[in-house]
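Multiple structures follow.
Consider the two complexes below, in which subunit A is the common component and subunit B and subunit C are the respective partners.
Up next, the complex of A and B:
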């Protein structure tokens, strides 16, 4: 008696462990990606204010050190940042009192600032070199570089700089180049604060000036998660700046490819399954076909990609188009579809077929009027599960040669495309700040899409049970 | 015309049937007379259901079925080359052991056979008359389109199946233990219905219930282990069985 109980407990424990692990994995997956994708709101808040940032760095002459800083790579026309006079080529120095040494510092600071949906934070930036300093000329005296201010800007004049001044050092950083002179100002402003100590040679004499060339203003940021996600989903992809990256091209590509795949695999899968289940004579050929279909269902998806490349892209000349992608994925899911639809057909009671045949229906009429409608919810469930598998596939399309990187929405079946998993792959391999966040956000979208599809499958199955169990 | 001389509608000639290597029906010779009720009785596994399903070629669906001998419907073989089983089933309808209505409305259940046979005429009228013949009209006339076949009680479902079979106007109605899944009251209703139907259609009914065979049928066939042991007028078979095995069965010594 005792022994029998123990075995029962062992199985209960194993079952609980298996189910528990699946649940934990799902929860952890969602939690991690959601957490990783969280900064997308503050990224979008910064880009919503009009600023796109780029990471740059300055090598300190005479040392092996380098200091990073963030330039304003783009300012959107008509945005609040543009209204403040920021422009392309400026460097962002401070946001909310925190020094910005890299783009993510700006996003994180905006994200962490106390306040509600909207926050107004002080920002400091260094206008681009021509505005801050004016025209510079590089010369050299006995091999030593000299940077001469040939024509000072208004800002430089206000800082008591004059034409002909030779810039020697900025905040202790030796000046060796025209571009580097401005970069030294940027880095010094952040690391040492303002005013900056400027060493220069004027009329043959060494002079030290203290100067604050930075511009300060208040900038309003809108932190709206819903809007951030919505913009992420509905904007075209901007290849350089993660805060402007959009999923629309990949999302549209996925939808088109899955539609083409469905148009091919759905009728073929149903026809194949109906033939095997309702018509095929039980002979060796049928057996062979069944075994082949079952084996195809387990074929590695990369292999399917090679078939797609050779057959659709090359032999049939479809190239790297949506058409070729859809056909390739339909090869992948066709066996799965057939297996799923056969299961659904097998669940149709034999008495239903007999009832139809007994009133003089042909086999096809029986299938068409009774078997298929009865099996439809099961068929749809299997179809949706196959489709969601295909939606998450990257390998076959990668081999087919689908682009990783598409910035437009495909307009026709012959257009090249990318899909969400490929876009995730592309973003995840980018070294720049912020693309990991965007990749995580795309994963969240993909997982949400798959969960929705699975939920639809479950709902269909439940409706099916309620409708027929009478 | 006496019952003995009624014309056979269906006759089997040395009919045998195998499921793979197992022979389920052995050399059966049987005549089913027009507008009479013929009952086929016997213990479980005697081949009676197999035989009745052979009459409208429903065994064709089962893989590995072989037949030999002949079944003649009005003198023509139904197993020959070029015979379309769909055609056979137009003339020979069937009611099954477990009620199996379509998961559609009551109306569509009855109308399906007419629709697929390209019936051009008053569909509603034909559906009504079929339901009336199956003694179901009064119970469902208000919910023809609202209720599905599954919303009816077991006995009603079985009468719906009878109506469905009758709608296409078959000459023979095969019934495979039509009451085995029903309660006694529903059974009584169906039995009365069968008696009424016999005025317009030939009925062959399989039953494992000897009392039922005795109550409803004109002729009875007794099968055992795939063989037809005895066939004759019901009142004679039940009162003066010629074969000792028949006697043993009807007196309840086995079965």
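Up next, the complex of A and C:
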């Protein structure tokens, strides 16, 4: 007897553990993804100061090593960074005393700096090559490259460089090219600090100059999570820089596509369900239809995508537009709608129909005036659940060739578009720093939206279920 | 058909015309599923004709090299089928035990208050988009697994399969719970009356009685895994390999379609017929699996209705 009990308890514990583990794993999934979206605040703080960064790297001549550095890819006009004289093509060397070897280092440093919402940090940057060095000319002597300073800039003159100097090495890194000379300055300034040691040949003699070509200033960063998320949601997408990524085009695309889908799938789904539930005679054809609906509901979304591409985009000439996207998704959602609406209709008491028929209503009048209004909450629940499924669906639209790089808000049904899940896919596949963060941020937005929609649907259903049964 | 005596309906001409119109309209919508299915089959068959004409069926179904864009092209589908089988197998190995045990817990042991909370929670979690799971697999599960299995590739079938399994758990749990719940109370009570414990009741009476339904739930979970696209596209990579190795990148049937469809080929290119051939194979597979499980569940419901 005791043995039987024990086995029973062990099994019960195992079953409870299975449910617990599944739920915990799923909740951890959402939590981890949400945490990954955290750096968006500091990314936006840097881009808010006006700087967009790009990762570059310099191969050290004669070795297999390469060193990474971050260039300023864009400076927003009128921003604090532009006010300091930073411009496109400069390289960021230090933020808050930390060497910046890649964009994420700058974001993380700004994020981790002690202080409140606003923080002012010292920054050091190397102005672009023309400003720092001036004009360079590459020649070669017996096959060995030589870089000659043909016309020094103001900054170079201030550093005691002269026209005709041959640049040899900086901080031990040989100089072999005109562009590479500046890159070597950048990398040396970051790894060895300033002033840097520049070896050059002047009038046939070797000389070593100690020189600090970097510019230093104080830059104010605003770390505001609310503002960061709000700008992320409401700005157009800048596809090259994750710190300027915006969800607005994808969000608008999702809304438009779901509206088109709803206009098709909502009436057709209800009509199909009403036919099957209220009109269809119980015969072989009806059974076949039921099997086919179940099948269509379980069709792989990649297959739906091929249909959308071939029928709507190509045969009907809608191209890769919102219209084609909405129609494609409606194929995916229609069977789900039919199943859900049928369930809602089945919950309508038979007595209601009989009463309507008994007072002389036709079948259509019974459905239109009594059955449908009664089933409306159930229909709405099913509709919300199906639509939220469509909101999260990426595969069919990926096949349809919805553009992954849409940077504007679509204006009409014929425009190309992207949707939130596709935008997440695109960001998630980018290897550069920061795209994982914006992908996670978009996931947080999407999952929050879907959870709210689904919760509303489930609460609605439970409420009306109780009313009917009670 | 017509339940209303003719003498009772006034102004009957207008009403009956409206009635006929409504019936016709609704029947058309009802028949849409049939039209859609046959359109799809016709579309896929028509689209794959050039493929079937050019590539011998033996090479397609028996070849072990998938290289549609190389010279010479090779269209062996086995690497894709193998990859799909591997990821589906891993997913089911996770989803079936966890889902089934969760369902048993909910239907047998959980007090109704717990059940009222957890059932909707499972439904909520089933609504998380697959691209989210793909991100999770790529950014979290793969690095975690790499610290345990050093040879694991950045893209691999193992991580994709495991996460796909986690994705299917709520679905499997929900389906099996419905099935277990449909087993009549009289069977449970009969077993209890004979002195069986809850465990014995579940294992010896309820699960055997619900076996066909559980089998159908298993098949539905399988079609989900076979048709899953975004998780494998993100986490499993895009390299066709034979024999399929779960620690290395894999190309499943669905990702092969994505690969070609996103590859910017001319609409008339031969490669599209390969998409249709794979699509047809996927569609027929899921058609058979879905039909079987649908019929099994129908019969199961009727038996205990």
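Keep this in mind: the second predicted complex is superposed on the first by the 439 of 470 C-alpha atoms of A that agree within 3 Å, B and C clash if a C-alpha of one lies under 4 Å from a C-alpha of the other, contacts with A are read in each partner's own complex, and residues count from 1 in each chain.
We adopt the following convention: a residue touches a chain if its C-beta (ideal position, glycine included) is under 8 Å from a C-beta of that chain, and two chains touch if they have at least 3 such contacts.
For clarity, every value in this text was computed on a predicted model and none was experimentally measured.
Of the two partner chains, subunit B is the only one that A:282 touches; subunit C does not reach it.
By the touch criterion defined above, A:362 lies against subunit B and subunit C together after alignment on the C-alpha atoms of chain A.
Of the two partner chains placed by superposition, only subunit B is touched by A:351; subunit C is not. Within the superposed three-chain model, A:34 lies out of touch with both subunit B and subunit C [touch as defined at top].
In the superposition on chain A, A:425 makes contact with subunit C only, while subunit B stays out of contact range. Once the two complexes are overlaid on the shared chain, A:168 sits clear of subunit B and of subunit C alike.
In the overlay built on the shared chain, the residue A:82 is in contact with neither subunit B nor subunit C. Put simply, more of the residues of subunit A are touched by C, taking subunit B and subunit C as the two choices. Counting contacts as defined above, subunit A residues 281, 357, 360-362, 365 meet subunit B in one complex and subunit C in the other.
Against subunit C, the residues of subunit A that register as touching in their complex are 4-5, 7-8, 11-12, 14-19, 21-23, 25-26, 29-30, 32-33, 36, 268, 271-272, 274-276, 278-281, 288-296, 298-303, 305-307, 309-311, 314, 331, 334-335, 338, 357, 360-365, 367-368, 385, 388-389, 391-395, 398-399, 401, 421-422, 424-425, 428-429, 436, 439-440, 443, 446-447, 450-451, 454-455, 458, 462.
Interface residues of subunit C facing subunit A in the complex, by the touch rule stated above, are 1-4, 8-9, 15-16, 18-19, 22-23, 25-34, 36-37, 39-40, 43-44, 47, 97-102, 104-106, 108-110, 118, 120-125, 127-136, 138-140, 166, 169-170, 173, 197-200, 202-203, 220, 223-224, 226-230, 233-234, 254, 257-258, 261-262, 267, 275-276, 279, 282-283, 286-287, 289-291, 294-295.
Looking at the complex, you find that subunit A touches subunit B at residues 281-282, 349-362, 365, 369-370, 373-374, 467-468, 470. Residue ranges on subunit B touching subunit A, taken from their complex, read 56, 58, 61, 63-64, 86-87, 89-90, 93-94, 96, 98, 100-103, 112-113, 116-117, 148, 150-151, 161, 164-165, 167-168.
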